[in-house]
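Letters A, B, C, D and E name the chains as they come in the text, with residue numbers starting at 1 for each one.
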Amino acid sequence: MEKLHLLFVFSFSWLASHLNMWLRTGIGNSFLLLVTEMLIAGISLLAFLVILCFFLGYMERKVAAFMEIRLGPNRVGPKGSLQIVADTVKLLFKEGLTPDGSDKFLFNLAPFVVVVTSMLAIAPLAFARDFQLWDVNIGIFYVTSISSMAVIGILMAGWSSSNKYSLIGAMRSGAQIVSYELSIGLSLISIVILSGSLRLSDIIQSQANGWWIFKGHIPVLISFIIFIIASTAEINRAPFDLTEAEQELTGGFHTEYAGMKFAMFLLSEYINLFIVSAIAATIFLGGWMPFHIGNLTGFNHAMDYIPSSLWFFGKTFFIIFIIMWFRWTFPRLRIDQLLNLEWKYLLPISMGNTLLVSAMAVFGWYL
Amino acid sequence: MKKGKEENKIVFPGQLHESPEGGMLVTKLDEIVNWARSNSLWPLIFGTSCCAIEMMHAAGAKYDWSRFGFEVARATPRQADLIIVAGTIVMKMAPVLKRLYDQMPDPKYVIAMGACTISGGPFFYNTYSVVKGVDHIIPVDVYIPGCPPRPEALLHGMIALQEKIKHQPVFRKNKKEIHHDERRIKI
Amino acid sequence: MTKEELKYKLGEISREAAFDETGEFLNVIIPSPELLPLIKPLRLNKEFYFDYLFCITCVDWKDYLSMVYHLTSTLHRHTCVVQATITDVHCPQIESVSGIWKTAELNENEIYDLFGVTFLNHPNLRRLFLGDQWKGYPLRKDYTDEHMILL
Amino acid sequence: MVLITGYVKMNGTEINIKKTGFLKEYFGTIFTSLSSLLTGMKLTGYYFIHPNKIITEQYPDNRATLKMAERFRGEVTLPHNENNEHRCNGCQSCEIACPNGSIKIVTKHEISEDGKKKKRIDTWVYHLEMCTFCNLCIEACPSKAIVMGKKFEHSVYDKSQLVKILNKPGSKVMKEAEE
Amino acid sequence: MQMTRKPSDITTDAKSGEVLHHEGEFIINMGPQHPATHGVLHLKIWLEGETIKKIEPHLGYIHRGIEKMCERLSYRQFIFSTSRMDYLSAHINNQACALAVEKALGLEVPPRAKAIRIILAELTRIASHELWWACSGLDLGGVTPFFYAFREREAINDIMEETCGARLTQNFIVPGGVMSDLHHNFQKRVKRVLTQIKDNLHEYDEILTGNIIFQNRLKEVGYLSREDAISYGCTGPAARGSGLSCDIRKLYPYDGYEKLDFDEIIFNEGDCWARYRVRMAEILQSVHIIEQLIDSIPDGEFQAKTKNVIKLPKGQFYQRVETARGELGVFIVSDGAATPYRCKFRSPNFSNLSAIPQMAQGAKIGDLVAIMATVDLVIPDIDR
């Protein structure tokens, strides 16, 4: 039965364990084994991220185009799918200049800081059943603390450019990310309270009999909405893209960046987009857990046959689509309205919500 | 289907033709880089007058230059590959335009859109402050006459620029092999 | 107020005013030093109340310049044109009206730039369009520039 | 004078929360805001799942079917008939009518069979790079020699190619248009 | 930024001793090339944090000397140059020039020509407002509205192209009428466009007007009082949002606007939201005007007989029309020759611009973008 299951479902965990076994037979030294495994994981993750960014860029352009009653890229490659490849190759071969008068060291360091911080946050994500790079016991804490590091890179970029627009953009991002961090944390805490663990695999396991968004009634729905809004702000996407604000600041913190350094910012934007969507999918929508309805065993079995990685990516891309939908529908907020929204609405509501969720956890009011 | 596409291929007057030289690898690399460059022309938002409106129309849903990958209009010259000079350039604006051009990283291209930018157009005679052609300030790659040109004419000019980029040497050294084929007007 | 009433009332304010009624509006022609004494009551008096200055321009008549102010009242809806004659062509000067109508500030900058008329008591007189390096005043009739003006 | 002080109501748009206590106002704001945002998302979502509403015309691919309007002004042309004859007798009305001097007509004097000196065009220079397509030259032409062409794809790599000579080499004036 | 201020923080001019700026402020230059300025306007902005303290406009980056040029052009020719000033209401600009010439000549325009002019002018106004709506959405960060508005603009442009021969700078008006008769498809297509616009207006409300973010960006931002609007000489929707009645079509009707039934849209709030609503309602009014005329275009000539060379009598002539942005005045001084002696265009944008520093006092940078969007400047019209 297990073999049959493998025939139908290509499993990442199967792949990982076989790779591990194969390497174990080849390399005796446990330290070398660890290094090799980490190298393989790192390289495949990088390749995955690059392909992911190509795909997200293409998806974004097509989503935008279809919402804007036009076709979008369709001439480069089949259906325009190579458009982002062309953009990337072009940016690779473009002159990456460093403006005079800028702080050269910080200017060149900033894009790497931004990209590295966003890549770090991908470590504890569970892409499929038993397929996780690093199942750390403080997974959520790790993700939130790493993601708030991104502001350092942006501040660095804005300060070192010696451009006033960049500086304003960087200052805005400081105010924005620091304040939205709070409501992200609080909305994540509500699930931590319910599931009783910071470890991501435990949180996913706690949703085996139903996703939190269905199990947790209205309070979890509220924290889901708050998480989506706050994380859109956290990753500086429209309608919260005040740090870039093309019409106000001509590009914000990356005004002076060109070529590959600018491409790094784009890359980190898409990686961040993927990460927050993946976190939302993991925490609220059950990660790789298939969709089950109560006692409908036939239906549940049918759902089980859909690979777990597909479930994960399906949920993630659903949330990515929603965030893109926001971007192509809403106008931008003003800086004081942005802070108002956080301090007057999101934060009080999520605090109250945390109380509610605690009450739920104490009295066991969830399914 | 293929045949129809061949017929629709546009031949431009004064198209550049190069002789087949250079090693296999270099030529292939050239091809790849030029393919990427020509298909990802990010324009700088630079419109001074009427032609900018037609430029916006070209970005609009009906003409939709995003099909070619041109839609990532950048507000900052650092990230732009192409400057579409749409509108009159006057004496006071000329240094600004020059500066914007200098701020763009290489490779950079210029399209002169409309009569005003090509030659001063309606303001050629009797005005005291108009630059008589933007090619006095920055080198122009493609000229698109019209006052203002239709969005389709702009797209035509952009395709002309793509053709030009595709024949540019990147890693090859013998640049003089490229010559102008004069007056090949065939549409 | 009709043209005749305006003409009568204006004649009372300024002795030196000449009138021209050929056009659509009543034209009041005064020498430039008389401008402020005439135009202040035009703005402030309730019966005139010309609060809306919709066009300021200058005309170069070769031997003199004339400043043309188109005034209208949003209350009474009557219009009149004040033309102030500046006789000194080489160093034309006139009082600024930017204290009375704020729109005059930029418009007077424009006229200073293109005609070279200096406005006294103007808060921020600068060459608005052409910049400080520009030589000459292009809208003057004697402006020559063989490079640019061909026909 | 009609003073409209109320906004012309179009599908309930204005968001006004009545002052009815802090909590009611607070949550009222949240709900109206969310619903207004969802209205916008509904519209973009509608277009996202209706690709038949896309209005894009794919320019270089539709060149075969692309027809300009009959009055479209693309360029000034001097039509020649099959005998290489045109209707321009060199009266230069168009040159005078042109507001920015994009037409230059160089004339020469020809001696016809009956010994009379006649003004004929030598070169009909048309500066496409300066033309503003204002139609004044067409209006001014007494012999209807010039018409507006429909071609709009004029892009070139070299500015000098935009200066065009409209009369073909060896062309003559039509008999009926001579004077 | 810095909160306390010491005397040493003040930078003064070496010669005049004038205070240039304080240490806590900083100066940014918005423009000449900036996406929010809609062209080549240059605003020098003194900021404290993000709050605007002072704005100084610097113009002339597209000063083309049209007024000087017009002194050398004949009255038939000088109409075309005005299309390049306010290119979004090119047709209305042309109409203003033609009307000034006709007023000076005492020329009676045939009723058919008048009707054609009004229909095309109102179509131009709708198209201009569509573009304004698209760009104000774009300025405030919403990209999608741009495409919805341009769909309707394209439809109007197609009509323009079919009848006038050009999409944007039509140059369809000559002194004494219009250049040629209407295209036979005209009525049918205009009606189709009107229904399209009326059907699609609810989309505009759904995506932008009703959006809470958008309304909050505009409400109580960029306040301009009625007194200031008068003093700054503001016209058009920018002034009508401040409660100033200034619609030339109502006050000084031309080309038969007096026979038509339409409302002058006035709001008294004086903020960006009021200006926004004025324009939105004006689209409907323009649709209403065209609907009255489109089925009853009188027959007859489309052009009055004029001499080949037009010479105006000696004198000064002022003609004003209501463009999409306000009152355009054409002031012609004629000395009896075939060219104007002096030609002045009183542009609506110039005076509207002069009010922007007043409106933006104490606003944020984002507010300045909103103000620029709702005042709707066309820079070549300011610089001429």
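Keep this in mind: contacts are C-beta pairs under 8 Å (C-beta built on N, C-alpha and C of every residue); 3 or more make two chains touch, one makes a residue touch a chain.
If you're wondering where the values come from, they're calculated on a predicted model, not measured in any experiment.
Q: Starting from the defined contact criterion, work out which chains touch subunit B and subunit D both, please.
A: Neighbours common to subunit B and subunit D are A, E.
Q: With contacts counted as defined, which of the two, B-C or A-D, has more C-beta pairs across the interface?
A: More C-beta contacts join the chains of A-D.
Q: Which one chain sits nearest the middle, judging by mean Cα positions?
A: E
Q: Which chain's C-alpha centroid is most distant from that of subunit A?
A: C
Q: Just the number, please: Cα centre separation of subunit A and subunit D in whole Å.
A: 48
Q: Need the CA-centroid distance for the pair subunit A / subunit E, whole Å please.
A: 45
Q: Can you give the whole-Å distance between the Cα centres of subunit C and subunit E?
A: Taking the average C-alpha coordinate of subunit C and of subunit E, the gap between them is 24 Å.
Q: Averaged over CA atoms, how far is the centre of subunit B from the centre of subunit E? Could you give it in whole Å?
A: 31
Q: Going by the touch rule set out above, which residues of subunit C reach two or more other chains?
A: Those would be 129-131, 138, 149, 151.
Q: Hey, what residues on subunit B touch two or more of the other chains?
A: In subunit B, 60-62, 64, 67, 75, 92, 122-123, 125-130, 147, 150 touch at least two other chains.
Q: Multi-chain contacts in subunit E: which residues touch at least two other chains?
A: Within subunit E, residues 34-35, 60, 63, 65, 68, 72-73, 80-81, 144, 146-147, 151, 154, 169, 207-208, 211, 213, 245 contact more than one other chain.
Q: How do the chains pair up in terms of touching? List each pair.
A: Touch list across chains, by label: A-B, A-D, A-E, B-C, B-D, B-E, C-E, D-E.
Q: Sort out for me which residues of subunit A touch subunit B in the complex.
A: 61, 65, 68-76, 80, 82-83, 85-90, 93-97, 246-247, 250-251, 254-259, 262
Q: What residues of subunit E sit close enough to touch subunit A in their complex?
A: Those in contact with subunit A are residues 26, 28, 34-36, 50, 137-144, 146-148, 151, 207-208, 211, 213-214, 216-217, 364-367, 369.
Q: Over in the complex, which subunit E residues touch subunit D? Could you list them?
A: Those residues of subunit E that touch subunit D are 73, 76-78, 80-81, 144, 151, 154, 158, 161-166, 169, 171, 174, 179-180, 183, 201-203, 205-213, 215, 245, 250, 263-268, 277, 280-281, 284.
Q: Taking the complex as given, what residues does subunit B use to touch subunit A?
A: 32-33, 35-37, 39-40, 60-61, 64, 66-69, 71-72, 74-76, 78-79, 81, 105-107, 170
Q: Per the contact definition, I'd like the list of subunit C residues that touch subunit B in the complex.
A: Residues in contact with subunit B: 129-131, 138, 143, 145, 148-151.
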